[in-house]
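Lettered A, B, C and D in written order, each chain numbered from 1.
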Amino acid sequence: MAQFPQSYTLVISSPDQVGLVAAVSSFVAAHGGSLLESNNHTDLSERWFFMRNVIDVRNLDIDLDGFADEFGRLAQGFDMKWYLRDNQCKRRVVVFASHASHCIADILHRWHSGDLDCDIPCVISNHENLRSMVEWHGIPFHYVPVAKDDKDAAFAEMEDIVGRHRGETIVLARYMQIIPPRLCAQYAGQLINIHHSFLPSFIGANPYQKAHDRGVKLIGATCHYVTEDLDEGPIIEQDVVRVSHASSKDDLVRLGRDVERSVLSRGLRYHLEDRVIVRGNKTVVFNP
Amino acid sequence: MAQFPQSYTLVISSPDQVGLVAAVSSFVAAHGGSLLESNNHTDLSERWFFMRNVIDVRNLDIDLDGFADEFGRLAQGFDMKWYLRDNQCKRRVVVFASHASHCIADILHRWHSGDLDCDIPCVISNHENLRSMVEWHGIPFHYVPVAKDDKDAAFAEMEDIVGRHRGETIVLARYMQIIPPRLCAQYAGQLINIHHSFLPSFIGANPYQKAHDRGVKLIGATCHYVTEDLDEGPIIEQDVVRVSHASSKDDLVRLGRDVERSVLSRGLRYHLEDRVIVRGNKTVVFNP
Amino acid sequence: MAQFPQSYTLVISSPDQVGLVAAVSSFVAAHGGSLLESNNHTDLSERWFFMRNVIDVRNLDIDLDGFADEFGRLAQGFDMKWYLRDNQCKRRVVVFASHASHCIADILHRWHSGDLDCDIPCVISNHENLRSMVEWHGIPFHYVPVAKDDKDAAFAEMEDIVGRHRGETIVLARYMQIIPPRLCAQYAGQLINIHHSFLPSFIGANPYQKAHDRGVKLIGATCHYVTEDLDEGPIIEQDVVRVSHASSKDDLVRLGRDVERSVLSRGLRYHLEDRVIVRGNKTVVFNP
Amino acid sequence: MAQFPQSYTLVISSPDQVGLVAAVSSFVAAHGGSLLESNNHTDLSERWFFMRNVIDVRNLDIDLDGFADEFGRLAQGFDMKWYLRDNQCKRRVVVFASHASHCIADILHRWHSGDLDCDIPCVISNHENLRSMVEWHGIPFHYVPVAKDDKDAAFAEMEDIVGRHRGETIVLARYMQIIPPRLCAQYAGQLINIHHSFLPSFIGANPYQKAHDRGVKLIGATCHYVTEDLDEGPIIEQDVVRVSHASSKDDLVRLGRDVERSVLSRGLRYHLEDRVIVRGNKTVVFNP
């Protein structure tokens, strides 16, 4: 993270057992690492342990590879799933957009003003209308139309573009196409969507129309990882906004845009700061 | 309303047409009535008009019956559904409770401290545990157990009790039994439930367990009028509270209790102040 | 408003008296006008009346000038302050910006995507850094540096620019200079500021530092009309966001940016839709 | 905590240094303790460290006194301030109330329904009106009027009553008297107040009147520890609720009551679960 330039983030999940925090924190301290942030959570019903450490590495007696090697041996003993990230390396985030501009404009502005700590190597869209806005930010724009009768070709091309740009995370900024299972699997835990309803309410298409028809008094948005099951992936963040009988369906759409972009930007931030750990269909989010 | 002791509330819904506000407000002014509050809403897609007026009647040149008679003639011309209420007459609210105390304790405290403008002629419950609390408030408590194999008898008895107490509105304060269609129909628009989820999420039983299983980041509650279709009635009020991965299912239940009681008390207040107009499966709520 | 292309908005405040709503709504109906939206409020402690009507004028038997003339005579009898606006004429909003981009980027994006119903004839800033962003939107950018020892000259130039562009409303989008009293008076009720605290908390400079020092658990932002008294003008809109001990002062600044821009955009929308009526140091806001 | 019957809570604050988490967690693990919850925070600007551990003690090889003795030696080396609590021992909370019932009714109901994990050995009030409500809960009620010209005698009596009931924490549930410095000092960090404004807005008397006069769009409440400086103590929790031009001062009072009681009950819960650590005039709150 930009906030802590010389730091690693170490993220762990494992079966719970006595001594986990002690083992990890002793390891870090023994190598001269200092904990800038440390969060952990024990899911007592599932006996599962989650941990996130941001480690000041200015006095570390070991380099990234050395740390990873040694920690890997410790991790094995505890049956940990873990990863280590050097916070000097920014994540590479490819944005998929469609016609709507509100989410991508927000992401690009945050990135441009230094508020979002990532690289955006390119934007891919099935419409041309956002090209000028994206290119103004100095970001390559790829137009990949999705023909109804040959979606496979389009997604193969998109996958290729992401690959060439070494994209690690894909953000669906109101990209309205269903992502094929192959791509979901390949970018599991790295493919982030914003759904325009408070899931599990109004799953599927036209949630604002459904919300209007039902007469709800709050509408919402949900940021989640994409899995094969549409709108069923692990939820990262949600929020709502109050509406009333006086809100037309168009008002819901308008008010919803604000919730969508703020929920997406928060969810993306949590992801980029390695605050989200997926287990099963749920997330642990060590949000500050 | 206690706030305006010498006032009437006049509530109208009708097909929209030019001159409605003029006709109603001219009628009121012509009889010396002064508008303390006046709200109206036109549903432009359905061309339907809704209006609520609180009228200062201290200088009215006509009494309640006279007002109703004359206004009835005007209303006919506009095809209005309407009602008129003398705000000196408090609504009689019967509370149905089960084992859980949080909603009913809140209602009774608000009533006792003068914060809720109604009479509560009695409480009916299928458990005995709340008797002492209810009776401390000076309110009769009726224990009506609901036998699994003879629910009809229980509901017949409850209906009888409500009738004897001249109950106008029934509040289901976490009363966990399904209300028979006959009672729903008889108290249509006067039967208020609090559902422990943000509808339409998690319809039916055990919403907190379902919310926990889905890993949502907000939980909510919904106050709605009861119709034959379970959890499908017109929504009066909703709200949510933030939860996290660290919230156990028991935490959701605990946090949910606070949302339930505040949503129910707001919904009930709107109802008692004649702020809610039902049309179809939706409500207009002129909340302040 | 774009939503109602052939409509007028009529905004009124006056001493309260019997028959006001009747007189206004009868006038509208008599000329064939239909009420699309109608809000009113009586301040019972001050005996003051506020009203806003959006009138469908497709069947009006009179034009704008005729309406204004006739209504003016009616208004005189009730001692009304009032104005009438043809919603086909968009308000001309000049934005003053400084170095920070978040508020102005938000306003420009909303305007560009058709979400904000106004014209933006130009942007004026005392820094050059936002020129490219503004010009990408096709909006003229005027750089007017404010020399510490000759602020008068700068503000005279700015006033001249606003005049040439026929600006009606001025938005201070985190413009950090104190506006001279002459300009405050000239654009009274048309000069909108976003203050980066929940007023009246942390009046003046460095509110985030003060909030951090005090250890508050929520921070906020306030959109208000500018008057001669710094941070004391009538409040249009406010909101807050939760923070914690883990939030550094920089985190407050970052989280605050999101509240600032959403509060400003809501406040500006209310202003543009003629939903705000100022009386003394307070506002009536007929927000939907 | 009731949730974890056989557990200790260990709360620490100390100068930050490498190896703190390792030292504490290793100590716990070495004695067979398992971490049920563990939170820590490093204030990087002040280089200060805060930690809270809930420890499962079912397999601990040492008793409470032994744990405290041994940990005390470790703590000395790190210059820690710390305390250890056996969660089987409930805190003894004395409530001071005045005439208003909403906060105390809420606390008593939560306690009565098992939702608030403490003992309430008595209630002290300077009015008699709440006696019956308190006694219905089986809690002794002490009436201690506060004469304007001899407040010292009243507070001496109250101090005596608290002492006889072995009160550890005092909650001012809208107790409207200023607490003398001696009592503030004696119960430092254990004396909790609910202030009826969003501090630091509207410090002192009549905050709702001030809020109404200023025309704010949100009102709030603040739960804080009481220090000698009125309304200036460390803030535990705050929240707000939306109001409008249509809200009279009485409406603010009514809406404010709901925020007051929910903020107080959350703040008290955090205190009782040892989630709050005071440092200087600020708090760390490890809320879940």
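Methods note: a residue touches a chain if its C-beta (ideal position, glycine included) is under 8 Å from a C-beta of that chain, and two chains touch if they have at least 3 such contacts.
Each chain and its UniProt protein: A, B, C, D = Formyltetrahydrofolate deformylase.
On a predicted model such as this, the values are computed, not experimentally measured, just so you know.
The pairing of subunit C with subunit D is characterised as same-residue: of all residue numbers used at this interface, over half are used by both copies.
For subunit D, the chain whose average C-alpha position is most distant is C. Of the two interfaces, B-D and A-B, the higher number of touching C-beta pairs belongs to A-B. In whole angstrom, the spacing between the mean C-alpha positions of subunit B and subunit D is 36.
Subunit A and subunit B have Cα centroids separated by 42 Å. Listed for subunit B are residues 44, 244, 246, each touching two or more other chains. Taken as a graph of touching chains, this assembly is complete, with every chain in contact with every other. Interface of subunit D with subunit C (complex): residues 41, 43-45, 50, 198-202, 214-218, 220, 234-240, 244-246, 248, 281-285, 287.
By the touch rule above, subunit D contacts subunit A in their complex via residues 18-22, 25-26, 28-30, 32-40, 42, 44, 59. Interface of subunit A with subunit C (complex): residues 3, 101-102, 105-106, 109, 113, 115, 132-133, 136, 244, 246-247, 250-251, 254, 257-258, 262, 288.
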